[in-house]
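Labels for the chains are A, B and C, by order of writing; each one numbers its residues from 1.
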């Protein structure tokens, strides 16, 4: 287990370095000056700004400086927001995004597990079919379509819930739902497959041969074994949630990180793009690492190596 | 044991003459033979969802080709006298802010979205399959190094790379397909390698070889179905992913430039006027969702049909 | 031996509905198990022995499987008619089962101790602490060293033989009257096989449990069984005591089984004679004797009519047309007799 975690950790660090380097060089060789929106500036002023941001030095020097600052959580300052620090901007946007992500995960995971289990236990019946169609729909309808529909029909037309803005818990309901559907669909499908696999295992027969009722056998033996591998979906789900947050925050006008990122892309605020890219990457990569380790901890076959004689 | 239940039989001494064993029909395997692909096909046909999905795809595919040609308007012909009109006359889906026909643009856009997805999948195949094959076939040191690279690349989130690449390149059909392909091949390579490794260690492959199966038979009967199946399934799931990403990128401002149209661009345009003209978002969004839904249905159906573990 | 019957299976029919049609896996099987007796059911794979045993436990997956006809009387109660709740009380408490592959039969994410305790808590209404004590006792009984630490371990920390011991501990924890062992040693190394068989014999004596032993290994049969049921293509073709089956087998299929088994008393250059051909397809079972197409002594009648069951002694029954007075007597192939020394 220790070796396993260490190896994963190494990969994490390398991957992170690759993505940071990639981001840096792509952003710095991007066609068009980062300051193209300020074309009316007199050349002297532009040069001054370039100097201020360290853009007049050779690329390798900039790269080393960049890495050094990065190590101190200094991501530079924004072009658009009058030199506000990118770290500040991220910290300002992150809480809303995090809240949405956590709410969506909780709701999605709970309903996903229920849906997946019911579907597997009633395999081949109409219940299973309905649940399947539901979950396929869940990740076939892109979340920006779903979010738009929810905002427009539930928010604007029916006026049941606020269609946009970020002013209190009720404002988080629609965006959370928009994100949770994908989580639910993914988890439901995964759990269904795992559950069917587990139900066919010999140890389920052993459990029944012991005289356990079907219910007890499922709760005590099947569910646990089906849930353990399902932990691995949490990694890709982090990506799914981030992807979703980019558009969902846009649609619901939520001042989170996703909204900030899309905004920076649209105005070429390249320090912010770089900063958020790196932050997202770190989030995803560290998340995947933690999921791997978590999996190792909850699965006794990995946690405790075999002591076979 | 039951006793003497056949006492009414008329038994004659002739019936007790020994007979040659060979004269008896060996009816060991008398049930009709089901080939692997025949079996896959049968199970696929039994899956109503998959059939519906395939049918939908066929219809959408035909419409994407024929749809834009039905009327005289091209996807880019503007008409400032007919701006933002809901469905009327032969503008079945209405017109947009530049008086362009939404029906024509929707199907043209569907075609472009599908084209991007197919191109991206072609990239997946061209890089992923050889990479996976080489890695899995040679094994050892080669595999080890190739795997390390994959291991690092796999950790890099697709989303980030695609966005960065599109910021760098000018978003266009090829650029988007390329960005999707560059990130997508890794999954394909992993799938192919996994299958190759599994096959190499599989006892039945050894058994078939020992029994003198020809190379050709080995390939067609054992290797091909086992590698092809997962590859097809991966394709069936990577196409809707690519279509989703194209639309997603358009939505965050990294789509194809107007007057070109793709489903993503149309949805983005429609979104901007949602409050006033919701129909302009509705049709492309519906087509996009239907395409994704159908591909997922077919992909699911194929996976179930190809997975011998779930065979009944 | 006029002990009471623990189990009586009468004319059992079990089918599976598949895409190709109805597979008649068990077609009229009858046998009984007496108190404290070990009955072996032998036959090739696919002959219906496992289906029979799982039918007794009502563990046949339904659908596609279905018990079509017949009775399974356990101490006089017909198990096929018991409601599921009552059946749950029988499983593990009155009838227990161990399976072929100890690698996959234990839950990988639950400690061995908990897996033993489950049945005890359910059937004997023991508290956690008592159940743990009992589980420790069982582990000791089945010969697992240092049970105090082993009880908290997971199955993957056990070797194959130890896992099968743990399975036996689970099965016998509630002192069942009948133990069904489905190929309990097939997946184990030869040396471990003998240990497990001895353990089972031992515990059977101690706990006065009857055993149904499903196997295709005649060596295992000779070592443990009192009586033998030979099955072929979903039917019982011959039953008898171990001595009768090994020294006076009457069915050509039983001869075939004996002849295809390596024996110590064979001279070096005697070749083993496998049974040629394959068993019939049970989608469309032949109307006559199912073995006819593979039988050296087949007659016209065998193809057309199912043979009757005849008694050759009180305990020895055969279903073969060679037993009929009109048939030409056939000598038992001499290399088969007494195949396995008991």
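We take it that a contact is a pair of C-beta atoms (placed from the backbone, for glycine too) under 8 Å apart; a residue touches a chain by one contact, two chains touch by 3 or more.
Chain identities (UniProt): A, B = Oligopeptide transport system permease protein; C = Oligopeptide transport system ATP-binding protein.
What you are looking at is a predicted structure, and each value in this text was computed from that prediction instead of being measured.
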Taking each chain's C-alpha mean as its centre, the one farthest from chain A: C
Distance-to-centre winner among chains (Cα means, whole assembly as reference): B
Where chain A and chain B are represented by their mean Cα positions, the distance between them in whole Å: 25
Euclidean distance of C-alpha centroids - chain B vs chain C, Å: 47
Centre distance in Å when chain A and chain C are each reduced to the mean of their C-alpha atoms: 54
Chain B-touching residues of chain A, taken from the complex the two chains share: 11-12, 14-15, 18-19, 22-23, 26-27, 29-31, 129, 132-133, 136-137, 139-142, 144-145, 148-149, 152, 156, 196-197, 239, 242-243, 246-247, 250-251, 262, 265-266, 273, 277, 280-281, 284-285, 288
Residues of chain C defined as touching chain A within the complex: 57, 59, 84-85, 88-93, 96-97, 99, 101, 104-110, 115, 118-119, 122-123, 153-154, 156-159, 162, 167, 170-171
Chain B residues within the chain C interface of the complex: 1-7, 9, 11, 13-19, 21, 24-32, 42, 312
Touch list for chain A against partner chain C, complex: 201-203, 205-214, 216, 220-221, 224-225, 228, 299-301, 304, 306-309
Chain C - residues contacting chain B, complex: 11, 18-20, 28, 30, 64, 236, 239, 276-281, 283-284, 286, 292-301, 303-306, 308-309, 317, 319, 321, 324, 326-328
